[in-house]
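Look at the two complexes coming up: subunit A is in both, with subunit B in one and subunit C in the other.
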Partner chain A sequence: MSVNKKILEVKGLNIRFGSAAAAPTVEDLSFDLRAGETLCLVGESGSGKSISALSLLGLLPESAHATADQFMFDGVEIDPKDTKSLKALRGEGVAMIFQDPMSSLNPAFTIGYQMIEAIRLAPNISKQEARQKAIHYLELVRIADAAKRMDGYPHQLSGGMRQRVMIAMALSRNPKVLIADEPTTALDVTIQAQILALIDDIKTELGTAVLFITHDLGVVAETADRVAVMYAGRMVEAGQVAEVFDNPQHAYTVGLMRASPRTAARQRRLNDIPGSVPELRDRPLGCTFAPRCAFMTPACQELGAEKTVQVGTHLSRCIRRDELGTLLGETHV
Partner chain B sequence: MFKYISSRLLASVPIVLFVAIFVFLLSHLAPGDPAALIAGENATPEQIAQIRDRLHLDEPLVTQFGYWFSDILRFDLGNSIFSNRPVTELIAARLEPTLVLTSLTIVLTIFLAVPAGVIAAWKVNSTSDRSIMILSVLGFSVPAFLIGYANMYVFALKLGWFPVQGYANLSDGVLGTLRSVALPAFTITLVFWALVARITRAAMIEILQEGYTRTARAKGLSEGKVLFVHALKNAGVPISTVIGVGIAILISGVVVTESVFNIPGIGRLVVDAITQRDFPVVQGTMIFFSVVLIVVNLLVDLSYVLFDPRIRY
Partner chain C sequence: MSEALLETKELSKTFNIGKGKSLKAVSDVSLTLNKGETLAIVGESGCGKSTLARLLLRLEQATSGGIEFDGNDISEISGAVEKQWRRNVQMVFQDPYTSLNPRMIAHDAIREPLDNYAEGTKQERNQKAHDLLHRVGLNVDFGQRYPHELSGGQCQRLGIARALALNPKVLVADEPVSALDVSIQAQVLNLMMDLQADLGISIVFVSHDLSVVRHISDRVIVMYLGRIVEEGPADIVLDTPSHPYTKALLDSVPIDHPSKRRSKTLLSGEVASPLNPPSGCAFRTRCPVATDQCAQTIPKLRSVGPKVSAACILLESK
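Let's look at the complex of A and B:
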């Protein structure tokens, strides 16, 4: 995987709402993305996954501001505050598919109109060429009768079909990065598996880098090469999927895994993580997860406990990461 | 579609009937004997009785109404008491100025109010949003005749851009006609646009939060296309609805401004007929306006098909 070219490199991304002095909603987020690779961002609702993704496209709400120590796209440095340069990335640089396929397509325009319009944003493409291309991509995402579907409206399609159209529309621009924001959450399980397989195929075939946002660890296991776990605006753990799943080095990741119906299949009942995600203004000093953590020590709540420690490709923001394995063995949950 | 239109038209007959009952009773509740009015001051009692007989004024109210309404259904609105000409003919003769005035008003309103509403929604709670909303409240709360005289004073008397009063026929040149109705149309627009701008803003605020707006932006469309193509088409249904509902306001605006600007349209016809107690004309124009309202509302409902493919008739 490491032979592939780095497409996206983000270091120290902060996103604040309101004033520049406000507490950051997303704090010190760093990740990179390579061609043909899937990185999964995992976390609860409100952990900052979607907002981080939207910031890559300059689609943050007006009250939000993004800053970063480094933001490189395909070898070019971009200022994340510079919405204009980010807008230039939309479509051909970064394409995005969204959680709710029922509302992501415009009900007032035909599928064909919406696809051709996207394709023709690239220079020098005739309507006829664009139409052919649109049909080609609809076939690529396995939509039957693609030519006929072009003249149909979104309301004539099921949720799964609409998500396929969204994927086809995103891919029709040959984006270097595809952001998929919980693309299967609103779909049936069987359709979900098809969509996941489709994204995986496309990644392999076209060499697109995929940033996959989900809260479902089962989905991570199926799709990701690497995973980054987010909690309350911070990335608490990141690494290769096998590394993180086999040897989690943050108590929050462990909690997530135990709360997941698939990875916790052998347990009699699911474990929840006690407490709830802290409000932005109530974030504790040190490790954000400390108040909910079973292995908290006084040192966890001191400034500096939130620092990232990297061992090989495996990152964690836990100061007890080396003891965690032993601690987990003792609790027998 | 055809079936829908015909069933809607059939359903409007009871509505017209209801309006007719109201209009009929209204003029019969008013004091004065129409027969004496028609006969004039020097008429003999015999002449008056003759007229009463001709107009069925001595028969029961229900019978009178029956005569009158069956005439209406045959598109006969009776004759004017004063000119003795058929009311339908009077309306037809006055139709052109009113039609030109209202069409220009609707066009002006759409071109002013829709972009204003879109921009207000786009920059919601900003200074431009607030200014647009304050302007629209002003247009709605200041009486039309006041706006009319103010416009006349500034643009006709002081600046001399437009004629002060009167109407130039289309047959004498379109440009002259447009110049003559420009100020009155602008006056009604100031009243009418407030409604349309507000509805546009409200609809657009909601639409701009929708997933498909985000999709349109994410795929790299220009903000103009996002607003005026993707979002605006979805606002088409509420906007055309409010334009249809606003036709009633438009008609009352037309009546007032035609008097202010001395335009010989249907509005003036109504005002003159009321002051002269020319009952058949008052009744006839009221029936005419109600039919216009019914037809406009039907057209508005049909226009939904243009904006929302999920609607089928």
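Let's look at the complex of A and C:
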């Protein structure tokens, strides 16, 4: 298996809403995804992580305009505006699972009906074959009594089971890329651990590339090979998971890590990030995080401060990235 | 400082769900909330933590058992007495948007409980609402805004200000930060810790997030299918758990650094149905160390270490 084969390559993706001249909601996003690896897109509400994922599937609303300098899927160049070509990718190219498995399943049809419907979108497959395939994939996601479950309805399943069904459905046409948008956020922590382990196994067994969207750095630490941190429409830092956690190169990443109660001393004040994510129309010049940043300098608010600099595999849009370590030492509580 | 403020004795709540069936949401819960402390109630969906919180607020009438507040039995109070008691215990909700009236500006939302109890003159009430806005870190001109003009974190600050308006002795917060982003979650947790330090209020903090609970609480109660399975100081229970369920729950929490990755012993299956709970220990169907004996009797909560109690027959009494 070619573990290092690039499946997806995106360069300079911009997504605008309203008109092609509007301010970009997602700006200059570049990333690639290789077979058998998990890339975590991490960020808070409004960072643009879900919209970016939807653009890969051609699922953006009509009012959206997506452009990219380069958009390659499995070696083939695709125009991100061309929803027809993107639609053709769905199923065997890219499949997606969502946060709320209940609202992703149709409550009026059986699990089997919905699985078979998805599988038979492929040409030349009989109902019988599709049924066998559906059962196979339900077993793959470790649903006990898969054949019996085929006749059940979504409401008869727990949240964790529904998410397994969604994963089975997504995998049923053997996609090269699985996009998981906050797939465990609605689940209890013990069930979250089960689903994370399942997605990890699938990645290893089937060599699927996983784009995992989350707001939880704990989930990133648990599951990512590489991580991209997004803030207000821009990727502000990206790299191998270990290098980003060991040596964060953007003040926002540091802020996120220090705001987590996981890493703080008990019952001490947490290092919160003051203020909130700017609205699209209020995004400042230069670094979008500057107004909330403890280490902001006048240069941060000048045009050009948002430029990406890459050292090895590690990318950052922070002009003070080299000083962050020292700055953190000085302000430590 | 451990002076009991709110105490329950073998509190139970059974819901009739029709067709002669009933659902036991909370079973024999005895707990004590001391003055000025934060008591966390943790567990997975359906463990009864929200029902327990509602019982403490008397939003639900208990099926059996007693509740005492400041030494007085409040399990049967009603009418004017109950209304006066209510000012002591106020609630902060999970979803800051839906718990606010969309047609009421922030200032009026805070003033509403004061109007409701006819506290002071109108001018004094306006002044107090103004002060509370400031107290929870909201800019004073936010008082004229409607909830939809506020962010999630700002709405939650407003929800807290409103809960504080009547100077309660207890805040019951049901998942108050789980709908918020991490950076905003930290702001709201800091606010709650500050308020507690300044006002000396007690907090019942209902949450499924163990890292948040470890951070903010003094004591913690772990629930499974309506019963307390472990109880004790937060640092002891969460750092050296006794009950197999607490252990499993903690083991499921995501790690904080990729270097700590390890293969986990995952809990198999899911929480059993509360309509048809397993005999004996409700956790035995998922428990990695369960024995035949666990199906025989419902384990009692007993002391298993300094200040820690757990309900598991496999643990030695201490």
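To be clear about the criterion, the second predicted complex is superposed on the first by the 322 of 333 C-alpha atoms of A that agree within 3 Å, B and C clash if a C-alpha of one lies under 4 Å from a C-alpha of the other, contacts with A are read in each partner's own complex, and residues count from 1 in each chain.
Just so we're on the same page, a residue touches a chain if its C-beta (ideal position, glycine included) is under 8 Å from a C-beta of that chain, and two chains touch if they have at least 3 such contacts.
Small disclaimer: the values here were computed from a predicted structure and weren't measured.
So, on subunit A, is it clash or fit between subunit B and subunit C?
Aligned on subunit A, subunit C fits beside subunit B.
Which of the two partners, first being subunit B and second being subunit C, lies in contact with A:272: first, second, both, or neither?
second
For A:103, select first, second, both or neither according to whether it touches subunit B, subunit C, the two together, or no partner.
The answer is first: A:103 touches subunit B but not subunit C.
Going by the contact rule set out at the top, does A:165 touch subunit B (first), subunit C (second), both, or neither?
A:165 sits against neither subunit B nor subunit C.
Quick one: subunit B or subunit C, who's touching more of subunit A?
C
Now for A:153: first (subunit B), second (subunit C), both, or neither, which partner does it touch?
first
A:116 in the overlay: touching subunit B, subunit C, both, or neither? Say first, second, both or neither.
Neither: A:116 stays clear of subunit B and subunit C.
In Å, how small is the closest CA gap from subunit B to subunit C once the two complexes are overlaid?
Minimum over all C-alpha pairs of subunit B and subunit C: 14 Å.
Identify the residues of subunit A that lie in both the subunit B contact region and the subunit C contact region.
The answer is that subunit A has no such residue.
Which of the residues in subunit B come into contact with subunit A in the complex?
Those residues of subunit B that touch subunit A are 210-212, 214-221, 230, 233-234, 236, 307-310.
Quick one: which bits of subunit A touch subunit C in the complex? Just the residue numbers, please.
That would be residues 44-45, 158-161, 188-194, 196-197, 215-222, 224, 241-242, 245, 255-256, 259-264, 266-267, 269-274, 276-277 of subunit A.
Looking at the complex, which residues from subunit C come into contact with subunit A?
44-45, 151-154, 181-187, 189-190, 193-194, 208-212, 214-216, 234-235, 248-249, 251-261, 264, 266-267, 270-271
Given the complex with subunit B, which residues does subunit A contribute to the contact?
Going through subunit A, the ones touching subunit B are 57, 59, 87, 90-92, 95-96, 98, 100, 103-110, 117-118, 121, 153, 155, 166, 169-170, 173.
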